[in-house]
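I have a structure here, written as structure tokens, and I will follow up with some questions on it.
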């Protein structure tokens, strides 16, 4: 986990390839989260990692990762997510030339499926689609580095064998994967734009009911059918901070300038909404059922302010003209005024 | 409120025209509900009514009712609902030749909007669409009968003036009306049939979290878009008892034999599902977005067993061949079996 | 505990002298309460009593009672209350010629001090004023009758010794007494009539937050200072049923016809308020601080309907003209109307 | 919002005139609060402000403020309070030559009315007296500065028009005002000094039940009638920290040296109580009902320690002899000791 | 399910062989439970049963039962328990000549594992030992009787095939079995007799925290090591009613007169404790670790009063001298008394 | 309370002799705790102390302490614990030549007895064994220093008399002591190693249910009887951080190198378990009931990471080879592998 002095280089594995972009809260007081991006080109060799500060929610957008864990193996491809609980040791193998993706390191309450409320017994992500690994182990007598994130720092120790030698396990604290294509998207079938909370896959609750420590929310392929409605996300500001990423396709509120692997940040109470072309297209559209295909955007959304790292602020890729997309809006006519 | 010895006759007002069809629970221990049907042809004259045992949720399907209450006037037409809180005095006026509808007398916790869970801040019935009356009063010095339902019985007293003489009020305990066309229906926009709880308009919670005393659920006009899905209500049985009515149009799980003003009852753990023709039509259908128009069915759904009154069981209209609709289903082929 | 066929007679002890006046709920399902009145003229001799159906809250208005219990002795005089938990054995001794009072038999959650909310850490009845008995026992080898109320019936058994032979005890399930003069009455010191819940001494909560199984509420001597206010209890009806009694003096909403040992009942949603003379006096009064002395009324207030026993309804003392006190009110002038 | 280097000067508007005196907690972790004082002499011109870190509770003691907000206009005069929710844009206009007051910037849960407990359905601040603005907007095409407090810093941006151009709104997240004279003060009407929590106007709850993030508590005009009681606030220390201010008149525990616009701070577990003259006067007083007129003190009370800013500690007005008021108390006689 | 007019006869299957002994509460209001005993000698043939009123907890003491359910097959032998959820269809097969046991029909909240409190993450019955059936079905075209218990009555219908034809299932509402030998018994390892709640296997919570609708509690083989302690259950009475049965061996508070298949009932507030010989043996014992082997008693314990059926009260086996076991206790010496 | 620059010296009283070893959380945000060790050789003279930041849980292992408090006197000897609430003034007297022990300064919710869950009404530490002081005061007119810990710093003030002059008190906020020998230890009486939470004496809950701010857990003398079980604490890592101390005897997972007055720290997610000799002894043992005598270890266990002070890390006594105890474990044979 680099402190951000330089980007990933020649031979980079998962631990070496993680770069922190934004953080909020504090792992020592167990609230908030960090968002890291990774770009790697080799498997972890003779080293394993665990994070004592939080769990890791991994969202790949390029290249499949195989998490070899104390509990067994999980292969996680783009379109899927993997979750490694706090303190669980693992290494990451890749099969192809490289892999890139997003990681949310959650310092707060473990992610779980949201309460469904009136949605009832089934819907959104169904429990049966969260896949735990079959127990598996390796019996390797080779010097192995254990890298631990503990108290915000990385620590290293060496042991004479692989610690991924756990033969069996039981309980309810284990890594899992989930295929986002199995998400049962629910939304209005009449009118109005519904809060994006309706697309919550996993939530880390805070001690305050109603405001999450972090929500993981997706915008998957789905039917959009609302009548009498401006269909894209409306202009708004709110108490939550939104870190947005893209796994594939395009996002309906920002047709240009947002690519897989990219990220945008709208912090608490900062106004935002669709760009002018998206707005104009939505206003002009004749409303009929439309299947939004080939899209998979997501948000890590938190009650706290996400603060960018110096690395993130100094990247050449930083879009310094981001708010230009809202230029060009014309004032609505005030009735009765010329 | 008739005990059911005979149906409504020549000159029948709202109090006289209520006939009890099913009940559950017990008003004295403040759980459960009753469902009454009314068929009336005159306004209440020189009498007012209040129900000390529960609140009244009125669902008209024919003819507009005007509730003249201590808080003001509410006109409730088919497609709308009216709610009179426990203990509030009112009379019912009608303008046309007659009026018919359903009434749920709720003995338990007052109906309120459900918690929305992941649906967020808006959706289903929005609070701003529940309309309270503007304060209004009448100053009438005429002998007036006050009919009260108290402890399961009707009581009558006479006073020398109309008690609907309350000049002003404040607080949050008042009658209201709601136009069901303003319900923001939410449902799957991907696949699977969602629990009908997603169509909850109002809920009376019980002391046990997760099982309602009574839910008022509607099946309004809406888009249906689920792919890879048997779209009608699936075959099921559950712990809740379902009293179903119809305001207009047809219900998608029972195309024949269910008319506005009719009612069906599926009690706890009794299996049910679409009739065979509805089933076959759904199985054969090519799935595409479809707007379900001209339909407004609803359920009063309770954790308790609804028990029909003798009146209900002895009506000539009782459908004694009801379960015949499930005849004709052919067994599915067991794979590999001849 | 008489079923009410006749009033107390010549030689009557506490168990024999209890007459049931009203009940609500059901001891077998552990909600509701009964109210009994007692009029006795001798101590219990060679018999003890326990109530397996509920606890007993005793409110004497004439004559001191001594409860000789398994935990020790409690002397309870008019102006005080005694509470015997469910299942605790006791006998009642009297010193003088007779004793009379009220008993609330609570089938629901045990009475406890109410949560104080914004009142803070002290106020109303303070915990330190609830007095438990010092352990005491008797060593009596004489045939003793044990009378038990169990499942709504009285049962009798005989043993060869007094069961009040418990030598020591610990824990938090014990009888106690409380001197109502130690109640720190709290009320408005500016304007408006506050809900009588502010005078709650003990509450038996129900499973539904906000509606009590039974509240024990008193109207003790206190300052009344509200400006710009109609000071007596206002005209109202509500979801709670009110059984009212009087320990001494007069009650400010009913100056005539309500004496110590008497009782009134205002059930759920039945309108009531001060009688016309009390109303007129209050309207005409010049408002200044006034100390309401020599008064001690109380209510047993429940969410359920109190149903009078046949005995209560057939007593000669029943006031059949009770609602006559509200005759004579003149209609208020409607502004602008002649 | 000045960092405190200097006091308000010649031409100072609301944003420029806010000076921070004490803080606790941390806006980034959303607990605690800050207290600012303002002294201003001009309206905000071509600039608007919003606070992304917390809501603002404004308590003026001199000069009326008009909050021109996205939701409409609120005029708040001394004796009233105004509340601007987190993130809401507004400017402040003044009509007279100047205005001064207190501001609590609340980082925690939004202020709301306290649960009333046994006080019942009405009392303290009644919901109907919280006044929301009527929707109003301005259509001004002039360069406008938007000042935002975000993450503990002030940020500035410029747009070409007034953002106070919102034409209509709905929902329950809006600014409001409240006239403290409408507070229904409740207190003992028998004996003892009640906790000041009984004067809570608004509370910001923390995640720990029973200890508030911040309470806003007032000491309004009211009757004081307690018998057998030392009536002023008694000598105490507690877990809460108390920042006290004065809108008008005098405070009954500190007759001298505490003027409108002044402030005192008693932090957690620091002992305090009435000064010696107030004590002696209370001890010598003959107890009779007394109306405490012409007084309006208040507290911002928090579970955390309020830490003064360097500015506050270096003001010439700082009272360095504050604890001298408790000199002069004589030891009470120990009974039996000479 | 017989109403008890006669005992089981010649050819009796599970439905025919159930005899009701005690009941409490009311299935229609969904609280309380019934206890049935069964004695059967044949499998259910061409009929299936479901209970719409409650779930069935089956405790066999003689003969293995095989529950053929919609979810698959469960073989439950003495020493194990089986649970059939409310509404699930099943038939019972037996392999041997006969089978006998106890059934608790629970009208309230479904049985679940208790919260463990300080016991931590493991202990008592561990979740992994609750065994669900593997999906299995039968494809039988033969007239089958479906017997349903609904609303306190038995109803019968006939269909042309076995309804146990469910091919697959998912979810968390399924029958399960549990081997009581896998219960991790926890108890004092120092002194004092611990409440039997520490042996809770399954609990049906009521709406009142702290008082269960029904608890299923066992007294399994275990070490008993308490020093300075009277080890058998002490003399007590309590608010819970205890129905006790025996699967095998002897119960340590009643050495004589309590056999497998027997039952005792100690209702709320009825005093009980060890019989005199058990008492004397315990008092005389030299305390050392002792393994209590060959014993498996259990209790169905409820907050309500268990009422015996007429059948139960009229059985010849009824022990009319039951309380004779407490004769013979000698009074303890009062210190200082001769 | 020294900042750790040097150890206790020649004449050292309780305040001077406290040395901080580990901390977590933050007193200003009221979560976490610190652990101090003290080694003192004189009584506090003319000075008293109070801690405004947290309560003090004192665990002596050598020498009795007498806490002279505002509430009275508490003598606390090794084997007992004392608790001084936040803000309470006291001084510490010693009778002998010296005293040493551990102190947990708890910044979070006050310690209280844990909820017992299925353990029932009695067990673990019983409320009646928490001993409050009898009111006592001193009347000393001598200059006295008051030392306060407030906001993480020590502050000093001087007054002309002892502040321990409180003559009487009431309420539920008082110091107490507890004799750990009165702890009713509960544990498995069948098999498996139970979580140490079962030995919780006192708990400081956090706002997140299930994870404590601090637990005080002891390992007292007790029977150990588990069959088929590896009896010492198993190898594990968890989300809690464990600070362990020893009052007397030896700890069963570390036979060597852990003495009274010593301390070990296993932070969150750091693996640990018995040392190799303890492991081997346990594996080889023939299991029979064994009384673990002469031992009293304890843990302060927290959800947060305990961070050692520089003082603690630089002590010569620091065991730099601590993890050597886990060397020497041999790999278990994988079945079927040579």
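Annotations for the structure displayed:
In order of appearance the chains are A, B, C, D, E and F, and numbering begins at 1 in each one.
Everything below uses one rule, namely that a contact is a pair of C-beta atoms (placed from the backbone, for glycine too) under 8 Å apart; a residue touches a chain by one contact, two chains touch by 3 or more.
No experiment lies behind these values; they were computed from the predicted model shown.
Counted as hops between touching chains, the shortest connection from subunit D to subunit E is 2.
Mostly identical positions are employed by subunit E and subunit F in their mutual contact, as over half of the interface residue numbers are shared between these two copies.
Distance from subunit F peaks, on a Cα-centroid basis, for B. Superposing subunit A on subunit D by their CA atoms means rotating through 120 degrees, a value rounded to the nearest 5.
In this assembly, the chain whose C-alpha centre lies farthest from subunit A is C. Two chain pairs, B-C and A-B, are weighed by contacting C-beta pairs, with A-B ahead. Rounded to a whole number, the gap between the C-alpha centres of subunit C and subunit D is 43 angstrom. Subunit C and subunit E have CA centres that are 41 Å apart.
Subunit B and subunit D, compared by their mean Cα positions, are separated by 49 Å. The multi-chain contact residues of subunit A, meaning those touching 2 or more other chains, are 29, 121, 207.
Remark: subunit C residues 24-26, 29, 31-32, 207-208, 237-239, 267-270, 303-305, 307, 331, 334, 337 touch subunit B in the complex.
The residues of subunit A lying in touch with subunit F in their complex are 28-30, 50, 52, 86-87, 109, 139, 148, 150-151, 161, 167, 207.
Partner subunit A is touched in their complex by these residues of subunit B: 114-124, 183-192, 194-198, 200, 220-225, 289.
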